[in-house]
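Just below sit the structures, each encoded as structure tokens.
Look for chain A in each of the two complexes below; its partner is chain B in the first and chain C in the second.
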Partner chain A sequence: MVWQLATVRAVRQETPRVKTITLELPGWSPHRPGQHYDIRLTAPDGYQAQRSYSIASEPERVGEIDLTVEWIENGEVSSYLHDVVALDDRLEVRGPIGGYFVWTAEMGGPLLLVGGGSGVVPLMAMLRHRAAVGSSVPARLLYSSRTPEDVIYAAELERLSRQPGGVEVFHTLTRSQPPGWKGYARRIDRAMLAEVLQPLGMQAQAFICGPTLLVENVADHLVQLGLPPSNIRTERFGPTGGPS
Partner chain B sequence: MEADLMESLTLDGNAVAGFLEEIFGAEMTASPSQCASCGYAGYLGTLLVYLHAPGVVLRCPQCKGIVLRIVKTPRAVYLDARGVECIRITLRG
Partner chain C sequence: MSDSFFSRGFTGRRREPENAKRVPPGQYITPDFPVLSAGPTQHVPLDQWNFRIEGLVRQPVQWSWQEFNQLPSQTFTVDIHCVTKWSKLDTRWEGVSVDTLLENVEIDPQAGFVTAFSYGGYTTNLPLADLTGGRAFVAYNYAGQPLAPEHGGPARLVVPHLYFWKSAKWVTGLRLMDADRRGFWEALGYHDRGDPWKEERYQGD
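Right, the complex of A and B next:
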């Protein structure tokens, strides 16, 4: 696992505070959805800062990866990625990294994905991969965001859900909802999880990603609802917007 | 408020996966681990990691006891594994 120089090929604003950066990797190798890359920045005086970012794209996209990054106030690396990075810039990266919080279609399902905020990023890699290989594993995503403007990948999730056999997407908006909103409008709780989990059954494989409190609460609820603990995998995201 | 802040800064073994792979020469988050204090059995990826501790400290999510402590200096790596029953390092096939 070595450091390599990636080239920025595209930058896309997803929401007011979230951007996706497409990186072309000379040493690209297929990743498993859920894995991440480390980015290392070196200042002229030699000072280094390093953070991990979950891969948002599917391994079927050869030669490049998408990293979706939330802007964090006072975040050393996220502010650089948001405010400074431009097309054709080079970034030092290493990866793909991780082996616990991963899902590939051959692992089967059914699949319960629960994400809070930027925790949806690794789950999106799983869903994009699922669609790319035409997997028919039943899948449901429960995605918690504060406001409609904060929902990352909103249009794409809508499109994926409309495909035959597509993932079923359940949003909960905890702070404000648009007029006529028919989805959930509160923090994830046991009743909500019971409703979303029910059709998938107790064979479901659950992946939970987001802020540490959300992850702990959701994992507890799922165990109380009867899901075997060995069916539950978790990844805690921090205020840096990524796993580290 | 202080407690909430600490809580929100808590990450897990996934956050230091690259570092662990550097030290052990293998992917470690999917390695089973057992806490020597309370017996909690779970993957290394589920251990708690705190953002601002010196070195890397991995704690048991059940009893919060220290499971692994790793300090890397320019010339050496110091590993304190008293908190874990056994570490499994997967050899590359």
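Right, the complex of A and C next:
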């Protein structure tokens, strides 16, 4: 897989901590939703740093990709992407990478997507793809954010959910909620998962992405609720928060 | 790609000089221990756990948890490198060297490759030579504690000189073979050997 020089065509602030960078790729090839690209930064003295970022866009968009990047405190690459990168800059990238945490419409469903924070990014690629190809596979997204301001793609998710046969979106806001909030207001737990999973049934294909603890808990709960482990695909990020 | 390209305005966070030599290209040091698995964490009851060596051996061998814990164990302090770019220095493990395990079988001279296989169906392929000579072990303790399920407990293979997906979590056996057969991630595009110092991340690297 070769490195290529992508050009930054757009930068969009999604939330106070999250930006989307649109990259035009000279060697674009269609990805499968859920895959990622590697970014490699090189300093003038040859020092390099690499990180992986999930693709947010659908493969039906030819020639370019969106990468949605959360700003991480002391993040060597994310802080560069947030604070330095500007339009027309070039970035060295390679991809698409990863072949298990992927969903395309022909894989069918029903689809249960569970995301925490920026873990929604690869799930969004799946939902954009689902909409782009007019798939009728039933789909539900359970999306955990801290506050209303932290919800990435809020307006687009709202729009997708209003389309006929659109994805059903369930937000949970764990830290603060707007006045009159009718959605969930706690960390994802088994009762919440049971409610969201129930209409989809045990044939559901589950994709879970988010911080390690959230993914561990959700995957364990779904197994306890009866979903076959082989139907559960996970992508974890971030520290464990403990020495073990 | 081009040797002359550098990223405008990027200087990077330099490593401590004493650690720089221990970190392969493209990796960064983390004090945490990230968890990466393709699916749910396996929870294997110890009374059902076993470990076996099969394939190109004269007589396959199998150990229960109790038997495995009676094998001579060693402690290992090693640096580990995950293909997702993090490295962790001086991780401390206790377990049984693969050399010790292989002393219990008579290996067919045709055997040159191994599939490590796990509870939950995970597999990974390795050259047999990467598992011998004191370079690989099956660990059941980490940092003085029983290895947690999310990190691969009850026991995981640890092959520290290769990317960490080769260090199969929830490992339950080794199958010796005459040819290299791709495991789970390798069939999905990851490298057959996975040497972090050569940056063998993906097929073709």
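One rule holds for everything that comes next: the second predicted complex is superposed on the first by the 238 of 244 C-alpha atoms of A that agree within 3 Å, B and C clash if a C-alpha of one lies under 4 Å from a C-alpha of the other, contacts with A are read in each partner's own complex, and residues count from 1 in each chain.
Note that in this section a residue touches a chain if its C-beta (ideal position, glycine included) is under 8 Å from a C-beta of that chain, and two chains touch if they have at least 3 such contacts.
Not measured: the values here are computed from a predicted model.
Visitor: Since both structures carry chain A, what do chain B and chain C do when superposed there: clash or fit?
Guide: Once both complexes are aligned on chain A, chain B and chain C clash.
Visitor: Determine, for the superposed model, which of the two partners chain B and chain C contacts more residues of chain A.
Guide: The partner that reaches more residues of chain A in the superposed model: C.
Visitor: After the superposition on A, what does A:8 contact: first (chain B), second (chain C), both or neither?
Guide: In the superposition, A:8 touches no partner, neither chain B nor chain C.
Visitor: Would you check which partner chain A:92 touches, where first means chain B only, second means chain C only, and both and neither mean what they say?
Guide: So A:92 only meets chain C here.
Visitor: Contacts for A:137 in the overlay, against chain B (first) and chain C (second): which applies, first, second, both or neither?
Guide: neither
Visitor: Could you say whether A:194 touches chain B, chain C, both of them, or neither, answering first, second, both or neither?
Guide: neither
Visitor: Applying the touch criterion given at the start, work out whether A:222 contacts chain B, chain C, both or neither, answering first, second, both or neither.
Guide: After superposition on chain A, A:222 lies in contact with chain C alone.
Visitor: Scan A:212 for contacts with chain B and chain C and give back first, second, both or neither.
Guide: So A:212 meets both chain B and chain C here.
Visitor: Which holds for A:154: it touches chain B only (first), chain C only (second), both, or neither?
Guide: Neither partner.
Visitor: Both chain B and chain C touch chain A; at which residues?
Guide: 1, 52, 97-101, 212, 233-234, 236-240, 243-244
Visitor: Okay, in this complex, where on chain B does chain A touch?
Guide: 7-18, 21-22, 27-30, 43-46, 49, 51
Visitor: Mind listing the chain A positions that touch chain C in their complex?
Guide: Contacts found on chain A: 1-5, 40-44, 47-52, 74, 76, 80, 84, 89-92, 97-101, 212, 216, 219-220, 222-223, 229-230, 232-234, 236-244.
Visitor: Give every residue of chain C touching chain A within the complex, in rising order.
Guide: For chain C paired with chain A, touching residues are 1-2, 5-14, 25-28, 30, 32-41, 84-85, 120-121, 142-143, 145, 148, 150-151, 184-185, 187-189, 202-205.
Visitor: Which positions of chain A touch chain B when the two form their complex?
Guide: 1, 36, 38, 52, 94-95, 97-101, 211-213, 233-240, 243-244
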